[in-house]
Every structure is written in structure tokens, then in C-alpha cells.
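Order of writing sets the labels: A, B and C. Residues in every chain begin at 1.
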Amino acid sequence: MIKQIEIDLDKRRRGFHLITNELIAALPELPKVGMLNVFLQHSSAGLTINENADPTVRDDFETVFNKMVPEYDADYKHVLEGEDDMPAHIKSSLVGTSLTIPITNGRLNLGIWQGIYLCEFRNNGGRRRLVLTIYY
Amino acid sequence: MIKQIEIDLDKRRRGFHLITNELIAALPELPKVGMLNVFLQHSSAGLTINENADPTVRDDFETVFNKMVPEYDADYKHVLEGEDDMPAHIKSSLVGTSLTIPITNGRLNLGIWQGIYLCEFRNNGGRRRLVLTIYY
Amino acid sequence: MIKQIEIDLDKRRRGFHLITNELIAALPELPKVGMLNVFLQHSSAGLTINENADPTVRDDFETVFNKMVPEYDADYKHVLEGEDDMPAHIKSSLVGTSLTIPITNGRLNLGIWQGIYLCEFRNNGGRRRLVLTIYY
């Protein structure tokens, strides 16, 4: 069986943001056992699962991703949408835009230190749409 | 319920290639609501979802991935299959080989700017096989 | 229908480790057609699918990931858990912690050269827990 809803996340500043609680609050009642897919309908932001406790982890993510995929690279051809745009596309493919998470005993079965991040790679990214699909 | 088929993609040159339309054309009739998994059976190519409009985005992907994972690194041990082979394996794990995409109203529910890329990381990669699984 | 189990992987040294056979041995009887999701409940290790034959490929993975995400970066804020910790978090998000693999004719439908890697990014990572979900 399948349940599916779409939700919009409010605009966030560039960076890595914990959205676990916001996501859980938006879900319908979960089955006892199943799967959740979280799908982001954008190509300049991403989703990932990582450490949910220390906010400096998310700061360091921003630092490292900016070093891995620098702006102002003279080799970029796609520059019309701003210096942050092409790096945002690359970063989006490095983390991905689709998460598949097990459901156990009616809850997301994340590890104790795992949280869900929205990765906002644009300077001015706007609202972001998620498709949430539960199957069981 | 599950439907599953396998398809081969024709050989493509090294680079990032939009395959959204080719993939959709190969799919059986989609359920009203469900999920599609696209699985690539190779370890030197990858799949990702990214910008579907400007071809220079795909050119820049090739440029950036080559900078992130350079060829001719004296530290590589696995060099027998060519200088492009070991970087191809790394790049494959950076983007991944499995995409999970929601189906809504009988269509893939991609964002308006999202397309599906085959990432061909070998200089001479040959045909590539996909397993397409629809569940609903 | 859904089947779900949890298993613990024994502690491994830092590096990339083939776990395909160990994983298959832990699975219950597989359906004729379906999907398997493998979910790792940690944020400093990862899962990926890559070349299953030459052990030097896994050595080179360790070399390249250490170059892409260096330790001892003066810009890291999250350093209390050791110099290997923050890079481990980043590497975990680069490969991901969730794999979705098709099942065909009662077997995992991996390509002939594909194997499943546990990516242990900590120097001293301990046991690692997986949630295995089969749906069909």
C-alpha cells in the first residue's frame, strides 16, 4: 500500500539544516513496518542524513562543500544564474535528492545520532518542495 | 505490487547525458501512485538527477568531476584498466547507481527543472544496463 | 508485503570493505521479484556499491577519500571527537547510508562486477547496525 503527500519547506539560508522534526510532524500515521521515501524536487539543493546533535557539524559541512566545489572557477560555462548556481548543482548530485528510510514499530528507524538535513546550496533558494511517499 | 524490466542504454561518450525521455519511453504503464527505482548494473558509471535545460550544466559537471577526482595520480594502485578507470569507480560512488523517484497521477513526479542523467565516467564505456522496478 | 530485520556488522578497520556475502547470508528467503533496502544507522560510516574483484580498488577509495576530505583542516569547528570524526561525517554524506537494490528471480540483481561496500570512515568505529527491508 502507498500513501503520498507533498509539502513545502520554508525558505532557509544557504547551509545545512536539520529538518527531522518538521518532516515527522508532516507525515500521516505511519504503518508498523514499511519505508519512507523523501524526494526533493530541485536541482540546486539536496537531502542527506547525518549527525543530529552538534550544530558545528552543519557549519563544517558548509565549509567543506565550498572547498570541494569552489565558486568563481574560470572553467564554468553555466554562470548566468550567479556564481553560486553551478556549484549548487554539483553539490546537489554529491548528496542526492532522494532518501529512503525504514519504518519500524510505526516510527522512522533512524540511528540515535542520525537526523535529516535539507542542504540549501543557493544563496537565495526560496521554498523547497518535498514528495513524501510511504509504502508498506 | 511490482513490475520490473531491464533495458540497455546505447553506448555514450564520456560525460553526463540526459536520459529522462528515453527512460520514460521504456517504462510500462505507470500506476496512479507509486515509486520507480532505476538501478545501474555498473561500477564505472552512475545515475543522478539534476538540471534538465542548459547543456553547459552537463559540460561543467564533467569539468568539476575531473578536478575532484584527477587521473594520473601516482598514488593509485588500480591502474591496469587505464587511467580513467579508478577515477570512474570513485565518481560512480559519489553520485550512486540507484535512483528512487515518486510516481504521482501516473507520471514520474520530478521537479520542473529535474532530469535523469546517465554519468558515463569511462572513455570507452560501452552499453549500460538498467533494472527498472515499479512498486505500488 | 514487507519483511524487515536488523543485523550488526562486526567492527572493521578504517577503509572500504566488501560485505556482499555477509549481507546475503543474513537475508531471509527473497521474493521472486522485489526490492531490498539496506540502511546504515550511523553518520560516520557509509554504504556504496562498487567494484567487487580487485582489492586495490578499495585501497584507492581510501586514498582518494582522504584527499577529497582532509583531516587537520584548521577551519573545522567540530574537533572534540578526534581529527577523523568530521571528515567521517562528510564522507558519509558523499556516499550515503541507504542502498536500494532490485531483487530478480529470488536474488539481488547486482551487476557482475558490483559488490556492496561498508565504508568505515572512523579510526575506531565499532560495530555497525543495518536495517534490511525487503518489499514485494
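Definition applied: a contact is a pair of C-beta atoms (placed from the backbone, for glycine too) under 8 Å apart; a residue touches a chain by one contact, two chains touch by 3 or more.
The model shown is predicted, which means the values in this text are computed figures rather than measured ones.
Chemist: Kindly list the shared contact partners of chain B and chain C, in label order.
Modeler: A
Chemist: Taking all residue numbers used at the chain A/chain B interface, answer same if over half belong to both copies and different if under half do.
Modeler: Different-residue interface.
Chemist: For chain A versus chain B, what separation do you get between their C-alpha means, in angstrom?
Modeler: Between these chains, centre-to-centre, one finds 20 Å.
Chemist: By the touch rule stated above, which residues of chain B touch at least two different other chains?
Modeler: In chain B, 68, 94, 96, 100, 135 touch at least two other chains.
Chemist: What residues on chain B touch chain A, complex-wise?
Modeler: Going by the criterion above, the answer is residues 33-35, 48-52, 54, 56-57, 59-61, 63-64, 68, 94-96, 99-102, 104, 109-114, 117, 135-136.
Chemist: Please output the residues of chain A touching chain B within their complex, sorted ascending.
Modeler: Against chain B, chain A makes touches at 2, 4, 37, 39-44, 68-69, 73, 75-78, 86, 89-90, 92-94, 96-98, 100, 129, 131, 133, 135.
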